[in-house]
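The first chain written gets the first letter, and so on, giving A, B, C and D; residue counts start at 1 in each chain.
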Amino acid sequence: MSSKKIPVALLGATGSVGQKFVELLADHPRFEIAELAASERSAGKPYAEAAEWNMASPLPDALAASSVKTCDPAAVESRLVFSALDSSVAEEIESAFRDAGRLVVTNARNHRMDADVPLVIPEVNPDHLAVVEQKLRAGAGAIVANPNCSTIGMTLALKPLHDAFGVERVDVVTMQALSGAGFPGHPAAALHDNVLPFIAGEEEKLEIEPRKILGDLADDSFRDADLTVSAACHRVPVFDGHLEAVSVTLGKPATEAAIIEAWRSFTSEPQRLGLPSAPVPPIVYFDDPRLPQPRLQRDLGGGMTVSVGRLRPSPFFDYKFVVLSHNTVRGAAGGTVLIAELLDAKGLL
Amino acid sequence: MSSKKIPVALLGATGSVGQKFVELLADHPRFEIAELAASERSAGKPYAEAAEWNMASPLPDALAASSVKTCDPAAVESRLVFSALDSSVAEEIESAFRDAGRLVVTNARNHRMDADVPLVIPEVNPDHLAVVEQKLRAGAGAIVANPNCSTIGMTLALKPLHDAFGVERVDVVTMQALSGAGFPGHPAAALHDNVLPFIAGEEEKLEIEPRKILGDLADDSFRDADLTVSAACHRVPVFDGHLEAVSVTLGKPATEAAIIEAWRSFTSEPQRLGLPSAPVPPIVYFDDPRLPQPRLQRDLGGGMTVSVGRLRPSPFFDYKFVVLSHNTVRGAAGGTVLIAELLDAKGLL
Amino acid sequence: MSSKKIPVALLGATGSVGQKFVELLADHPRFEIAELAASERSAGKPYAEAAEWNMASPLPDALAASSVKTCDPAAVESRLVFSALDSSVAEEIESAFRDAGRLVVTNARNHRMDADVPLVIPEVNPDHLAVVEQKLRAGAGAIVANPNCSTIGMTLALKPLHDAFGVERVDVVTMQALSGAGFPGHPAAALHDNVLPFIAGEEEKLEIEPRKILGDLADDSFRDADLTVSAACHRVPVFDGHLEAVSVTLGKPATEAAIIEAWRSFTSEPQRLGLPSAPVPPIVYFDDPRLPQPRLQRDLGGGMTVSVGRLRPSPFFDYKFVVLSHNTVRGAAGGTVLIAELLDAKGLL
Amino acid sequence: MSSKKIPVALLGATGSVGQKFVELLADHPRFEIAELAASERSAGKPYAEAAEWNMASPLPDALAASSVKTCDPAAVESRLVFSALDSSVAEEIESAFRDAGRLVVTNARNHRMDADVPLVIPEVNPDHLAVVEQKLRAGAGAIVANPNCSTIGMTLALKPLHDAFGVERVDVVTMQALSGAGFPGHPAAALHDNVLPFIAGEEEKLEIEPRKILGDLADDSFRDADLTVSAACHRVPVFDGHLEAVSVTLGKPATEAAIIEAWRSFTSEPQRLGLPSAPVPPIVYFDDPRLPQPRLQRDLGGGMTVSVGRLRPSPFFDYKFVVLSHNTVRGAAGGTVLIAELLDAKGLL
């Protein structure tokens, strides 16, 4: 990788995930936002005016005056494109960018299950990028996808167990943060002093995606892991941080100590490569049964660390535990940037 | 039952469950608070001064000036005693009242698993009161216990399924309201914008109590139901209303329609007797997948109705669903009052 | 007034204020919702489907299946019309209904300052209804308006002081509940763990409306009270209940005791007439400096009572105090219904 | 100042302000926590065990195992002592440390109004340190105090106006964050979905402290500024960030533009000295009327920047505006550290 920063375009720049990309890339050592693109309604306006800025850190001056472009490959020059598009428009726009020879690293759900799209958590399945390696070296377009916010924390926590013992059954009940619904997302009058027992489409994603991510690559084809996931998803009045109560059945016996050791000793390619956004360690296990908690641990490792706690036996599965991860950092913008950092380190940009 | 109101003493009257009793009994057709008792610190003070009133309805004038007594059978006259005592003191005090010939109907956890104490949800196991019937008719003392707040909603929802199909395995993940922790309970700084993944002692209660409640009575002894419960308990920033994600394995096959019909057609002795606090119907099933929600349904039936929704198959159990119940009404003071109403209707007071 | 219930039409029935009207009128002794009307998008649908029901009490069965009408006088029969319309459409629609000979009692802001529209808090200026009396007796149309939610609590608290001592200057800083923004209102992501220091148009309403309400009627014309109000409005993460920090300068000296006595002895025409929604007493003053609080006192008197506390001297005005009122009951639907009850009691329906 | 880090002792290390000190000093360029002291109950325990860690960043490893000392000058060696003591014990303990020759920089309220204790906001009255300069150069003990959290943001915002136009009258209504009450502070059941209209002792501090801080030093004596403050204090369910609605009367006429320019051009000694915790600029004025908001701006400048917005005329004063500052950073631990940085830069440590 060269020392000059790589220009990137950001599609869907005005939404809440787009703003989180802007925040995370503000001082990034390898990437630099060169172009901001959004819907027709925003196009042509200065970014500060088009985006209703809702982040706790200030909008970088350099981008405030930047004129927003349309999400059209003809209007956008950068080869590397981050997509924070809403799923209602992502499918078509991302295809157009790929067909125009761009590398789209996306947070949208639309292409995640495509046969030629790696669905990547860099610590879990960096090898899946092989599917697009030839295309990228040939200068062709490709799409690489970041999984759903509720999938990432859980699947990263499952990875060391899958490697050591095999994971066969996963039952998960989520308590998801409100920022996961985007902006405007839920009305305050709907979520205040309340829990919502249903998030449309969420349980399906959480039941399907881990199978692809934890699966193998054979002859450049993805083969799903032999793993069943059952999910029940809830929205709680917490700003950031998805907490998930997980039960697992493993392929072979494992002691509590061995499982905790598997988590604590886990490290992976992003850590070995020293990627800028890679947390060290990627997983923290807490002995204190009161932890992890969204407000206390969501920002660990700049929001990229996955926190685990309360490992204990289950009468119906082997073990129960809780996982916490920051849904808009590790689960969205940060995870997507980490994928691009991995591509960069592999010389694929 | 006679037409004159029955005087009752309330132990632990100043705490948050005690205040909820005061609120619920304000205009009760059968019971009348004759005596308020609390700790030494409160004794002798007017109730309005001893209690830091935290209910949304105003403190009844009639009780505001009432002088608080000590929790000592020598200082309290009423035969019928409601206990809202903290578990740190309930064991001894309730035993003392029973030994002094009083009927203690308690919300505290201490005596729940005693061999001579019925643990009662009036719609589920009204027959368990038989264990104390002889004593009560003889004018002797007895303790009758209300189950834990997280147990009640779930167990009431399981009852029709248990009757029709048998319930063998229950996996439950709770999202419990803050009022369940009493007052002061959690500091605002601990729960604000947060979820707590651990409630000391709660999972144990939820795993043990349903076995006793759904069990049989044989020769005046309780025989636990053959049922395994696995619980994971969480505190969420909601004022009232415990939401629980439940998975069940049944003893014989059941269709979704049959289960919903079992809930919708369920009625029991409190409804047949027309007890003042008995909700009609006791269980409501919602077809809308977005319901039930704590803020919208916790007050159904004056907080005594149990709401159920989202029935769907589980790959690991037979079915998953969510249950909601008001933790300080149905789950504490209201449930306890309903037990007393049942005793009254049976002529045991 | 006759003993048969008066049929009413409800315009804007699907919104959050509309739903509150439905809730409050569910068992009303005098009014009965005969027609529900809303936008073209809802017209023709059953009400249960058109409205995203967000109230804590269940939608009355009788109305669930009722077919929603359009907000057109040709489609609506009732002479008495409650308007919960959004201000973006209320002006024109309400004028059309008035011109069609209907009596529109409205919560919308559009016609509040019209010269022929009484802006009424029944305890404060019932005499202002005189302006429409002749028209109503003649069977002609008219509009009567309910003030803004932040105006009502404060102005009702000012009324006894104005009568006894004159009110000359009012400085008010509000902390307003989220339900005041309607539905969807603020995104959860905007208001969670936050305070918003700006509510568009709100300060203007709070500065102008009390002058008309506390003013006189001279030759059937309104003459504003000689009163200056300065307002600073904030939105806080509370579901219901506007709390307002008020400073006042009076026309003549008054002791604290005299002011508190003025509040405590205050009663007015709705109380004397025994109107169904009239709280007794209309104003409660709390000696405890920790009160009133939104969660504890907003539901007093069914949400119709105004709570006042913390009276103390100000170095810049005469006195400071806080006022609390329920913004969607006293401040919106409940206040509007009370106006109609007053019209009914005066024989004007 | 030398290049080696200065060892400091932290009194009251286990409380919430103490923890914030630990968090802020974790990587401080000039200070290093050498000793942690707390109550007898904590003494002798490892800090990780004694403190119920409640910060969003992890407890530094270096301090986790550190044995907690008692708050006794005989047990503590460091000359520089930060006090995060509760006011119930601070008076005596801080006096003892001063008498033992230590420099106590405190956040506690007890000594703030003492004639020989400078009450310092480094950008506002750095000259007040002159009162202790001689003692410090002589190696004697002294106390320097940080003002109340609600005082600091407002007084810093008033400073440029006071310099340019004179500030004569200040009316302030606060909406204060829950972290300001310490830990445990308010029960969740008291503050959830609520606003508290009373904070014991708070209004008095906010009315008195600005007079000393904005006052002069004459012959080493403090002379209060000729300024009247009237305060009304409220607690709102926000984690961090006090928002205050302020009205001011100035000594001479000023245009809105001149006031905004006074804020925007303001800089002071901490900025000129480049102190590590000094924000640049110290005050930010927002043109967008929707800002500042606690969640969006409280972390500006690492929590040390004061945010101002909504300047507009008042009919009773000259102007109204809102001020926001982070109550536990700028308003407590961070402000106290900044005072020590100023003493360090002046060569007084």
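Just so it is clear, contacts are C-beta pairs under 8 Å (C-beta built on N, C-alpha and C of every residue); 3 or more make two chains touch, one makes a residue touch a chain.
Being a predicted model, the structure only gives us computed values, none of them experimental.
Asks: Hey, how far apart are subunit B and subunit D in touch steps, shortest way?
Replies: 1
Asks: Please tell me whether B-C or A-C has the greater number of C-beta pairs in contact.
Replies: It is A-C, judged by the count of C-beta pairs in contact.
Asks: If you average the CA atoms of subunit B and of subunit C, how many Å lie between those two points?
Replies: Comparing mean C-alpha positions, subunit C is 39 Å from subunit B.
Asks: Can you check how far apart subunit C and subunit D are, centre to centre, with Cα atoms defining each centre and the answer in Å?
Replies: 42
Asks: Distance from the CA centroid of subunit A to that of subunit C, rounded to the nearest Å?
Replies: 47
Asks: So which bits of subunit C are touching at least two other chains?
Replies: If we look for residues of subunit C contacting two or more partner chains, we find 54, 192-193, 237, 239, 295-296.
Asks: Show me the residue ranges of subunit A that touch subunit B in the complex, using the header's touch definition.
Replies: Within the complex, subunit A contacts subunit B at residues 169, 171, 173, 175, 192-198, 228, 230, 232, 234, 236-239, 243, 245, 247, 289-296, 309-310, 314-317, 320, 322.
Asks: If we count contacts the way the header does, which residues on subunit C are in touch with subunit A in the complex?
Replies: Where subunit C meets subunit A, its residues are 16, 54, 178-179, 181, 183-193, 237, 239.
Asks: Could you pull out which subunit C residues touch subunit B in their complex?
Replies: By the definition above, subunit C touches subunit B via 53-58, 192-193, 239, 295-296, 298-300.
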